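When the chains are written out, they are named A, B and C in that same order, and each has its own residue count from 1.
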């Protein structure tokens, strides 16, 4: 099932419009190509509606946002909604500033999202109207543990119910939930948090997965999250073998996404459905 | 001959001003350094004329353009013309939005280009006033095949005649043409289209080549295109040997440009002159 | 002593706010993670004061500056001063345009810096009101040699006296000086100047070092400079062994920063105190 999601990406080469931060944009483009999608980046109000119209899906990421790009996010999001394109929101840094929090809220009010991704602090900020985001990392107080897992799952389902979006909460354990069902995913390695952009890259890749599988948003998002974590595990094995560091790890991670096929994903995905 | 073009770059260390997109800008800077040039990136209207004045050549790339940078492209382009500096235009995404198409047209009206590079759809958009660009990739309908090669060469020569620029059309087969003569280049590997920025990087490198060889624009551009394709072939061999993916391929590609010398280019360039 | 500076970074995970250029921003984020810090990038006037407030230190880099980001640099710098956060300035390209030179001067007038970094031409531009910066590289006329070393050290100490900042002049020989004391550092390899961003990355890393060691700015900056140069040496050994080029070198460099510990730094640092 998850493998089929991946294969649909490779088969359909979904074209994804990205309005994203300038920190990790190159990695997002390369991981989209690695997974079988095709990226286009564009953030000017003068073209975003037109660009999103020629694409199949839209990825909005609020890192390094500014007044100019916020307008473009809203315009592109509405256009994508009109056209019935899947739209994903990455909450990077929500809670770290009022501008990010308010932009995220405004986007949620004005745009219908298929998927919303963030760490637990970012998602809480958006869902509960406040949070304790420490920069772009989740706050320790928000950490998902065995003790809190059930309540986080219930929280994710409720937030999905409220927004209509699949909710993706990433961390040591990842949760992918719609209002009825949650994937609790154990793939991944800590080194993924020692590079910039593993969250942004996951969101970009998820955009390709949901664009290629618009009728199965939950499964598509879960497949993307498992794929990313699994490729992180594979990349970590290479990193250790090569005695390399985080920069090479980033390359290995994208490389593993490039090499991953449906069978490998089926075999390597580690999740429970709750 | 082509080898000499490369050697002139290494000898003269041409300083190239780049107004380019934020997706592949780091790769463009590193490939400029790899080939023997020196990059400076600057896009604010308050400094672009001054920056271009201290450089030897100018690279304008319309990816992720916006109203602010469009003004800077025009101002820098005119200044470079005044100073007699080679100027190159990368048409990334022309045809995908009216903003990109119109900006490309306006640039062509107001700035004299030494070289214009794009895929066949982008070049057709600019030359014929319309096109079928699919995002930033060439449309299948526009594909250059053995059957269409002669007509594409004639088209490129005619567009060079009209614009006064050397025309570089990249794809599985690359065409580099002035009004009289065309290089048909067979170097390169498909993996080059599985990373972001191989086009942008080629344009940046070509900027260094034409800046170091201003009296031989056609040969300089052809040398850069052969060099890029040849390095792609070498990088692909490394990628396969290492069982790596597209992200490492990007590094290997720039690495090979770093290692390439004139003799290697002479031996590896595969082209016909038509 | 220098090793302790490094260990404090790993222990405290300083959160660093970066207002930096879009060319090397990804490398800056990854090297901050590699050395044990945590990066956040943000440049909109609507959030920079708030973002810098949740961080421990601020890194201002004037590459690819524009009117919008200049305002943000000033606002964030003043806020960081209010809060007593260490602030570092990277002078990339000062002297190459009036906009960069004047922005650097204005920043120096309105913001109190803990550390100022540049090549010799950039620092002279700021200190003497004029310079001979060639793009983003130091001018040959400004080169620090055995003959000029003493006068450059005196110049650095005097500029530190005047500004209250630790002055970091990087080149084949690096000088890190306050008004009383200078580290003359011999670590490093020429390949570091064949990638984009080795200066920017050093400044970002120095931001983490001074944020984690606010009472020992001189030693912290010297430790960061030694660490960067030493990691360059280690990366160069890997590059040669792998027969790689500048792009892989960039990854190896960040990898070595990731792997460096206090003992390795103590053993590998090569400097004299003058």
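We adopt the following convention: a contact is a pair of C-beta atoms (placed from the backbone, for glycine too) under 8 Å apart; a residue touches a chain by one contact, two chains touch by 3 or more.
Please read these numbers as outputs of a predicted model, since none were measured by experiment.
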### Task
Sort the chain contact graph into one of these: line, ring, star, complete or other.
complete
### Message
For chain A versus chain B, which are copies of one sequence, does the interface use mostly the same residue numbers on each side, meaning over half shared, or is it different?
### Response
different
### Summary
Overlaying chain B on chain C by their Cα positions calls for a rotation, in degrees to the nearest 5, of 120
### Query
Cα centroid separation between chain A and chain B, in whole Å?
33
#### Entry: Contacts with two or more other chains, residues of chain C listed in rising order
22, 26, 250-251
#### Entry: Sites on chain A touched by chain B in the complex
15, 22, 25-26, 29-30, 33-34, 38-44, 46-47, 50-51, 54-55, 68, 250-259
### Message
Per the contact definition, I'd like the list of chain B residues that touch chain A in the complex.
### Response
21-24, 26-27, 63-67, 93, 96-100, 134-137, 194-197, 243-248, 250-251
